[in-house]
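Shared between the two complexes below is chain A, which pairs with chain B and chain C, respectively.
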Partner chain A sequence: MTGAAQSWLDAALEGPDLPGLGKARGAAAKAFAKEGLPHRRMEDWKYTDIRSRLGEALPPAEPLEAPGDFLNPFAALDAPEICFGNGFWAHGAELREGVDVLTLSEALSAKADWVAKSLGAAKAPEDQPMLALNTALMRDGLCLKVARGLDGGAVVLGHEGRAGRQTVRNLIVLEPGARFTLIEAHQGGGEAQQSQQVSEIFVGEGAQLTHIRLQDAGAKTVHLATDVVNVAGGGDYRGFVTTTGAALSRQETFIEFTGPDAEAHISGAYMLASDQHADVTTRIHHAVPRCTSREVFKGVIADEARGVFQGRVIVAEGAQKTDGHQLNKTLLLSDRAEIDTKPELEIYADDVKCSHGAATGQLDENQLFYMRARGIDEASARGLLMQSFLAEALEEVEDERLRACLQGHVNGWLGAHAEKPGGVPHEL
Partner chain B sequence: MLQISDLHVSVDGKDILKGISLEMGKGEVHAIMGPNGSGKSTLSYTLAGRAGYEIAQGEILLGGVDIADLAPEERAAKGFFLALQYPVEIPGVTTMTFLRTAFNAQRKARGEEELSAPQFLRLVREKARALNVSEEMLKRALNVGFSGGEKKRMEVLQMSLFEPALTVLDETDSGLDIDALKVVADGVNALRGPERAFLVITHYQRLLDYIVPDYVHILADGRIVRSGGKELAIELEKKGYDALIREAA
Partner chain C sequence: MSEAPDIQDRAGEKYKYGFVTDIESEKAARGLSEETVRFISAKKNEPEWLLDWRLKAFRRWEAMDEPAWAKVHYPPIDFQSAYYYAAPKQKEKLESLDDVDPELLKTYEKLGIPLQEQKLLAGVAVDAVFDSVSVVTTFKEKLAEAGVIFCPISEAVQTHPELVQKYLGSVVPITDNFYATLNSAVFSDGSFVYIPKGVKCPMELSTYFRINEAETGQFERTLIIAEEGAYVSYLEGCTAPQRSEHQLHAAVVELVALDDAEIKYSTVQNWYPGDETGKGGIYNFVTKRGACRGRNSKISWTQVETGSAITWKYSSCILQGEGSVGEFYSIAITNNYQQADTGTKMLHLGKNTSSRIISKGISAGHAQNTYRGLVSMHPKAAGARNYTQCDSLLIGDECGAHTVPYIESRNPTAMVEHEATTSKISEDQLFYARARGLGEEEAVALIVNGFARDVLQQLPMEFAVEAQKLVGISLEGSVG
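On to the complex of A and B.
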């Protein structure tokens, strides 16, 4: 084991532990110790070198009394807010009746049945060192359950990070027929941070979850998020990830269809500049018949930033009538910007419809000239073209008000990076 | 209105325009006719300020002001409009958004008040109706999936919205059937007036049956080899480029 891996395991032993985790922690630590931190000789980590960026574990973060800096980008929705500061529960508003909310430590202390049943139970790909590390180190998180058949509304889950190592584990359970919208917003200051989050998400039979994530973490943050999503028969998961923050980030989404006739859409937009590195890794396992998956990821990369998209779709033998579609397109704004895109389709059934597409390009000179010749200044023309390029991804967000909030964030980034005073035009 | 004197332009190090001089007064319609490769498109892109068209010598005055160093958007705000031979498709930007952004950008650059969305909508609807441009086209992404005729009508719609002092029509007639050609010509003729000048660049005389010019110039190998009235276009149609250019030499 390398020294760096040891530093992460030593980190697990500090301080008072959450109750009832002894065995799970031990097993997870053992699993992690096998390889330690992922390295570039592992196929899934070939393009994202977290060893060099993560190195030694930072000291654990302290809870924040009041994460007052959290600016809710979704305020226009008027949804209740739950805030975490440095990875610890800070405050939360009441949710609808029938939506159970507990912090991870509360849930473990109270030995809530549904938590005991589901925590660590989500089906995930084998040998995931970061999942193991999260189990070994998790300190707090959100446990949320929406009761059978209930429309639980929406919640904005704000994460404000200031410093240190933050390890969060969430558990989201939608009982059969339930509906819910989970909106995560990750923000933070400029101190060095290591933030690792795993969410286990169970979408019950016929249930529907809309899951939005806006990752705008601080400039010195390494942000690693893994969503392990199990979708039961007839269930529907709609994920959307907007990435503008962190020095290095990796968003992993693992979808496992556990029942037939289910659907999963995971899409996103990434906008990167300076020397940012952002990795989107998805794996969709069509283990059962008649499920539909759809991915639309688009990005704009400036300066020396680097993006990674890895999209694996596995259609198991017998998963007939699978419908899978994947698209990844990136605009590179500078000669030094980079995108590594790797679609991987593994199909073991014969009656399936699967497609994928990947493309990389630059802003079109003809389009730029045309717009300028009609009076639109260069920066605005660039902004408008980038906005229109990203629109295909944003349109995957069905709720208009939700989309408008994300569009506002996107436009803010474009305004700052298309070098135009006053930002880009807002309606499209 | 427009004064071009001894204009030399090179593209990728190759001399294309080799000393063009042209003077256009307010309200005049001039036609520039020339065979392929004579420098017609180079002239229109140079006037519009496209990057890559290097002015080696000469000057371009618009309304007495030298525009050679102005960006394309600055020329547009000063009343210059180039209708393109191949209008560009812009997926993801609706026609309406594009029109309003461009319209207000020009007004803003001139220090005029921008139009509100409802004000602009009213204006566009009125202009669009006259050109047979449907509401549905305005809602679609700019030029995406438009037929050749629809794209040209969209160019004319923009021209009628911006009301430019000088319009250059770069082979606007190419690929148009006779009905589409008439729509374009009617749009131009409706806009003709003492304050507006047009430079019609074309290979064929056909368009000039509908947009009747005051002056015709023949362009060959980067130079204007002959100028005359509208009858020159008819003479050209009879004799062909080769004979006429040989005569002029």
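On to the complex of A and C.
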């Protein structure tokens, strides 16, 4: 075993103290030790060689005294803000009455019933070494519950990372009929960082959660995020993931329908440049009948960056009347950019409608020519075309004000990268 | 379930007949060792280089693990309990069609196989009227005139060693994968085809007419070379149920197309699928790959897979020559407890290469049907194009249909489009057909044939009509 892999094993076995977690940690460390860090021979990790890219485990991060650098990209929404620094609770505004908020360590010390009941209980795919690692190493996180039938409003959950290894576990519980909007923004400085975040999310019967994530982590950050989402009968989960940050990132969304007539929409946009590597992996498990899932992921990849999209939809035996649709399209802007796409359907029920589409290519020369002929300079034309390309994904965000904030971020990226013709070869 | 007994059961019963052919044969000792490989090579009187090649493969194979990534499940295979060589056998000749199992004859009839062909298939001694030998002779004369070489590969090793040595293993190297490596070590026989420069092969070539000993054994090896500007269409297998004494079949097919050459390779695979409870049946683990080496060369795979208990097969194209074209048209039907994990790989290496993948999977009973495919655009594949359409149809609520495409692009000017759908036969279509007087099974066969039409159209005429009927027969007993 290489030094790096061993260092993660050692780290897992020496997980920090949190009250009442001893047993779970021991079991998780053992589970992680079975295979250690994922490797490329594991089908789910075929395109992201985390074993060689992650490097040795950094020393655990320390809480930030004053995490003042967080710039809320969603300030226009006027939503209350909760801020984590280096993976530890820093400060938080009051939320509406009926929305319980605790830090993970508080919740464990106070032995909050709802946390004890739900933490580690979300149904997830089997044999996930990185989930086990998170359980072995988690130090802090947000535990949030929205009471039955309540519209809990929105919260902006800011993460500011500076240095070191940050392991966060969040627990989000929407009781039946509740509504909530969780907006995550990940930012950070240029120091080497390893950030791993797992969120267990329970959407109760008839509840609706909008979950936005804007990952713009620092340039030397390895950012690994896993959302384990359980949607109960009639529930509705609307996720959107924007990826522009981190040197190496992997966003995993595992959705499990636990009751019939539920819906899940999970979409996103990725914009990558320099030598970034970003992996979006989704798995939607239709375990019960009459659920609907929809995915729209679009991306643009410049320079030597590499994008990975793996989308798997599983329809279990008996999950009749399932409706599943998935789309993934990518533009390559440079001749050294790469995209690897694996949309996957695994279907064991017959009365279903499932489809996926995937496409890769470059900007359409004809469209560019058309715009140039109308006096639009090349950089603007490229920017506009990419903007309209990504719009199909952004349109999945229903709230206009939210979408406008995301669009602002997307436009910022395009402004910085569209001017470069990106070395598109003209040797055709 | 309809009243009519499942034809596939009947066809299955027939296989018992297949297993009683008890003919003296010279077998190699049970199991696989260097000795077995030497024995096979010596039996075939092979040159030193081929023995070395086989031995190299064998040593490599010993160090390999069986692949486990496909979505198929079967008990572990004991490679040491099998026989790897039996001298070519004379099939037991029956006196007349009256001696043939009537159920098998019914199947032939349903497929619309002419009487004389039925005799050939059933192993009936052909009389003087149907002089298969003379048919073959005319056939061979015509080919020789055109300069086409078409013979068993074991014969080609003796008569055209320079060609075999140059191309054997050049597309599927002996290190390729577990089953291809095993095949390289112990391959029994198969076809060798060479089409010289500028020649358009005057007729469709078929394994059917290679004649003499039709038994090629369980480790078939086929090599087809189309020189500059040559064209050949090759048909493998037939729609009639095929029997085999071996449970494991691991074939290798290599195609080489040089500048402006075209190879069209059509397969109808209908090996014994096992009975309705999933007992028995052939394991069909095949490696098929074509190399488009020349500019503007083209390789087209068309397959109709209805047989075998387990199919593991990915007919691939290496698109190396500038402007070369790869095509893959596939129908895979699984019923009862059959499992198929099949698809293609399109590796775009050269500029302006293009490929098209049309896959239709149909799953019924307790079967599992997986499409697995790779489209890879390499950095130099400027202007390359791929279009993929994968559709799956489910019949019954206990079967599975899976789609696992891999798309890798490292060239911005390359364009890849992939679409996949999964659904069941629409009630409306069924109702419409039933209302017009069709029985349920006929209606299903009609709809499935419509679903698979894009692929059936690609088959050569000889195959297309029978293949349509085969689609219906394969699904009998799956509805109602």
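Structure notes:
Basically, the second predicted complex is superposed on the first by the 408 of 428 C-alpha atoms of A that agree within 3 Å, B and C clash if a C-alpha of one lies under 4 Å from a C-alpha of the other, contacts with A are read in each partner's own complex, and residues count from 1 in each chain.
Convention: a residue touches a chain if its C-beta (ideal position, glycine included) is under 8 Å from a C-beta of that chain, and two chains touch if they have at least 3 such contacts.
From a predicted model like this one, the values you see are computed outputs, not experimental measurements.
Comparing chain B with chain C, the partner in contact with more residues of chain A is C. In the superposition on chain A, A:N366 makes contact with chain B only, while chain C stays out of contact range.
Of the two partner chains, neither chain B nor chain C is touched by A:S52. Within the superposed three-chain model, A:S274 lies out of touch with both chain B and chain C [touch as defined at top]. Judged by the touch definition given at the top, the superposed model places A:D350 against chain C, while chain B stays out of reach. Residues 425, 427-428 of chain A are contacted both by chain B in one complex and by chain C in the other. The touching residues of chain B, when paired with chain A in their complex, are 48-51, 71-73, 75-77, 82, 84, 87-88, 90-94, 97-98, 101-103, 105-106, 109, 117, 141, 158, 162.
Those residues of chain A whose C-beta lies close enough to touch chain B in the complex are 364-367, 369-378, 380, 384-385, 387-389, 391-392, 425, 427-428. Partner chain A is touched in their complex by these residues of chain C: 69, 377, 379, 382-383, 392, 394-424. Taken in their complex, chain A has these residues touching chain C: 43, 317-318, 320, 330-362, 422, 424-425, 427-428.
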